[in-house]
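Note that the chains take the letters A, B, C and D in the order they are written out, and that residue 1 is the start of every chain.
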Amino acid sequence: MKRQYPDWQGPRNRPLEAVRRHLTRVFARAGVFAAGVGLLAAGMASPCCAQSKSPADSIAEYRKMLADDNPAELFEAKGEELWKKARGPKNISLEACDLGKGPGQVAGAFVSLPRYFADTGRVQDLESRLLTCMQVLQGFDAEQIAATPFGKAEQVSLASLVAWIAAQSRGLHFDVPQGRTEERRMYELGKQIFFYRAGPYDFACATCHGDDGKRIRLQELPRLTANPGDGVGFAAWPAYRLSTGELWGMQRRINDCFRQQRFPYPGFGSEVTIALGVYMGVNARGAESIAPALKR
Amino acid sequence: MHNRMICSAAFLLTVGLMTSCANQATKGDADIRSNLDGAMRTSFRTEGIARVERLQQDATNAACSKAQGAPLAEEVSRSIEADNLKSVRMPSDGRFLGNWKEGERLAQNGRGMTWTDSSDQPNANGGNCYNCHQLDKAEVSYGTLGPSLYGYGRLHGVTDPTDPGARAVLENTWTKLYNAKALNACSGMPRFGQAGILDESQLKDLMALLLDPSSPVNQ
Amino acid sequence: MADPMKIRAQAADGKTTVRVLMAHEMETGQRKDPAGKIIPAWYIQQVSAQLNGAIVLTAQWGPSISKNPFLQFTVRGGKAGDRVAISWIDNSGERRSDEATVS
Amino acid sequence: MYSRRAALSRSLQLAALMVAAGILPRLARADSGPYDKAAFEAKSIPDLLKALGAAAPVESKDVTLTAPDIAENGAVVPIGAATTLPDVKRMLVLVEKNPAVLSAIFEISEAVEPVVATRVKMGQTSNVFAVAMLADGRMLFAQKEVKVTLGGCGG
């Protein structure tokens, strides 16, 4: 949903002189006369340094202004509470949940997911693994939660849990395992999906994320066929999305990529989404996690 | 610092080993292929206008996907391009250029064809141009997946689009917009005409944005 | 009930910088849901900040303050161990108060 | 305007007294003053000034507005308003092209510096203003144009 603000074709491309005239009119109507307008005009005549900066510099500056106070922290706090609180039909906490490092071991778990779990017999990412724990330990209906739209009900709980769990691996380096046949099969599957072109636009993941230094509009696109660097790409999700004011896990990130790829709808925790997680995660080996990050 | 370098070297080595392991695990293309089809079938569902049938690949997409970014064999490329060229319909009235202002509006519009869009008809779709290309220099928010198109008409020597000498550029540009794969088998650009994303009049407006001497693209 | 705020208060050079993140939708009342129905306005209207129990700053906000609002202000004086309390009330009458210790 | 401000300042003092006397809970209620509905509904800067009963604003180098040149996302635009002037009663943040121009009013007491920051939504590229309202009724401002860029593919 877009905000219903009027579609205004204003000073974005309007010369400064026109902006100045417009402002002068506004303030004149408000009762500002000679002196005020004079000062105003003097101020406007020397528009600040902004124009000499490149858009990329300006965007970097914008991001820096927001970096220190990431609303993802609100989700982290909620996630920690949800992990420790007795909930669900069985009224039990998630503290015995095994994320791959043993029951209740949260630190470092995030940077080695997705991985194979013997109890479910499949490779799981953080979100699908949490669903298993919520079902087995707490008695929630995992299928029902998977079918719940993002941003609603228990999907919000999942997003908060993911934020807190990821934060417990902040600064650690990705090391997604490939020791088991099934993990390697998922990597190969993920790679094929990454390059799979289809839909009315013929897009694949690789269309946007196959090369270095590319952008959509002003958004840099990390190359995901190799380690794109610390805190970039796979190592930057989950993240707080400024556009929706919500916490997005990797499942939602992939879901919205497929939407923009003009593909049909990928199921939450489906094999395709997890395989892509394995492909990106293994490629990102060694990258430092900054998740939960702050994203447009 | 020194430790870190040793670490990195170890990482590289590990990744190298992993890659070769992964390759060994890949017994035959057929196995993986059936696996891929199964995974695609069970993972996606129809949502709104985005139907599961969209996952079907034509020969072009199948070949380019399989190549995984590597160049296709020369003769395969030529054959794909020839097939795609057959789909291209030149403008029915012989006029190539519409209104560049409409073209600019379309170029700015990145919407269309997603499961959150209610219609898949051309009038509901944008051209998505600025997502990947620079056009009007005044627009600072442009993508770089495709080449800059600023100065497109001027740089192609088009000063009068009605001049017969401009015909080749017009036809070539029309073909690129209508079906980019007719000129480059694995182009990343959608086939706007062939796939029914944009209609003839919308394509003409984009043509005008690129080639009209009064378009901001050519200033 | 609304989720807790995140309050950071740091004293340095004779002043205390307070940074607050609040969990709130800040719905403008101008957006429509997928069915085309207007989503009603729901936003924090007033905020107050206290240092050791005394009000030091109040604010009135409109719906154009971003979702999950951020507020930063600087208190003259203040020292480690002082208590900073932030309260808000939204247009539906819901309230939330949280406290932090100056570090 | 003056009477409203006086009333507000009285109510602040009263609230402080009540807190001290233990009448209000330790975490006081946020609504310790009135909410200026008319000001927040103003659609233009002239309407806003009328609603506030404020004097004509004058641009001043003593007021600082911190804002990005380009906002990557109009939903969250960081804005800082500050001044070095004494006797500041209020700091305002305005976005000229928003459906309602006023985003925030900060009541500045003696206990805080006239230095505040928040984040606002911007529907489109617009001029943003930081306004300092002084005890003597003067309105001084700083302004800057913030470009709001369009998002990526798929809208």
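Everything that follows uses one rule, which is that a contact is a pair of C-beta atoms (placed from the backbone, for glycine too) under 8 Å apart; a residue touches a chain by one contact, two chains touch by 3 or more.
Computed from a predicted structure; not experimentally measured.
Chain centres here are C-alpha means, and the one lying farthest from subunit C is B. Here the chain at the heart of the shown protein, by mean C-alpha position, is A.
Mean C-alpha position of subunit A lies 25 Å from that of subunit C. Distance between subunit C and subunit D, defined via averaged C-alpha coordinates, is recorded as 14 Å.
For the pair subunit B and subunit C, the distance between mean C-alpha positions equals 46 Å. Along subunit C, residues 26, 28, 30, 66-67, 70, 72 each make contact with two or more other chains. Within subunit B, the positions touching two or more other chains are listed as 110, 114, 116, 130-131, 140-141. Taken residue by residue, subunit D touches two or more other chains at 70, 75-76, 78, 98-99, 119, 121, 147, 149-155, whereas all remaining positions touch fewer.
Pairwise chain contacts present here: A-B, A-C, A-D, B-D, C-D [touch as defined].
Within the complex formed with subunit A, the subunit D residues making contact are 44-46, 49, 56-60, 66, 68-73, 75-76, 78, 96-99, 119, 121, 123-127, 143-145, 147-155. Residues 70, 147, 149-155 of subunit D are the ones that touch subunit B when the two sit in their complex. Here subunit A touches subunit D in the complex through residues 2-3, 5-8, 10-12, 19, 23, 26-27, 29-33, 35-36, 39-40, 42-43, 47-48, 50, 53, 55, 58-59, 61-63, 65-66, 216-219, 242-245, 259-260, 296, going by the rule given at the top.
Against subunit C, in their complex, subunit A makes its touches with residues 1-5, 68-69, 71, 73-74, 77-78, 245. Only residues 15, 26, 28, 30, 45-51, 53-67, 69-77, 85, 87-89, 95, 97-99 of subunit C touch subunit D when the two sit together in their complex.
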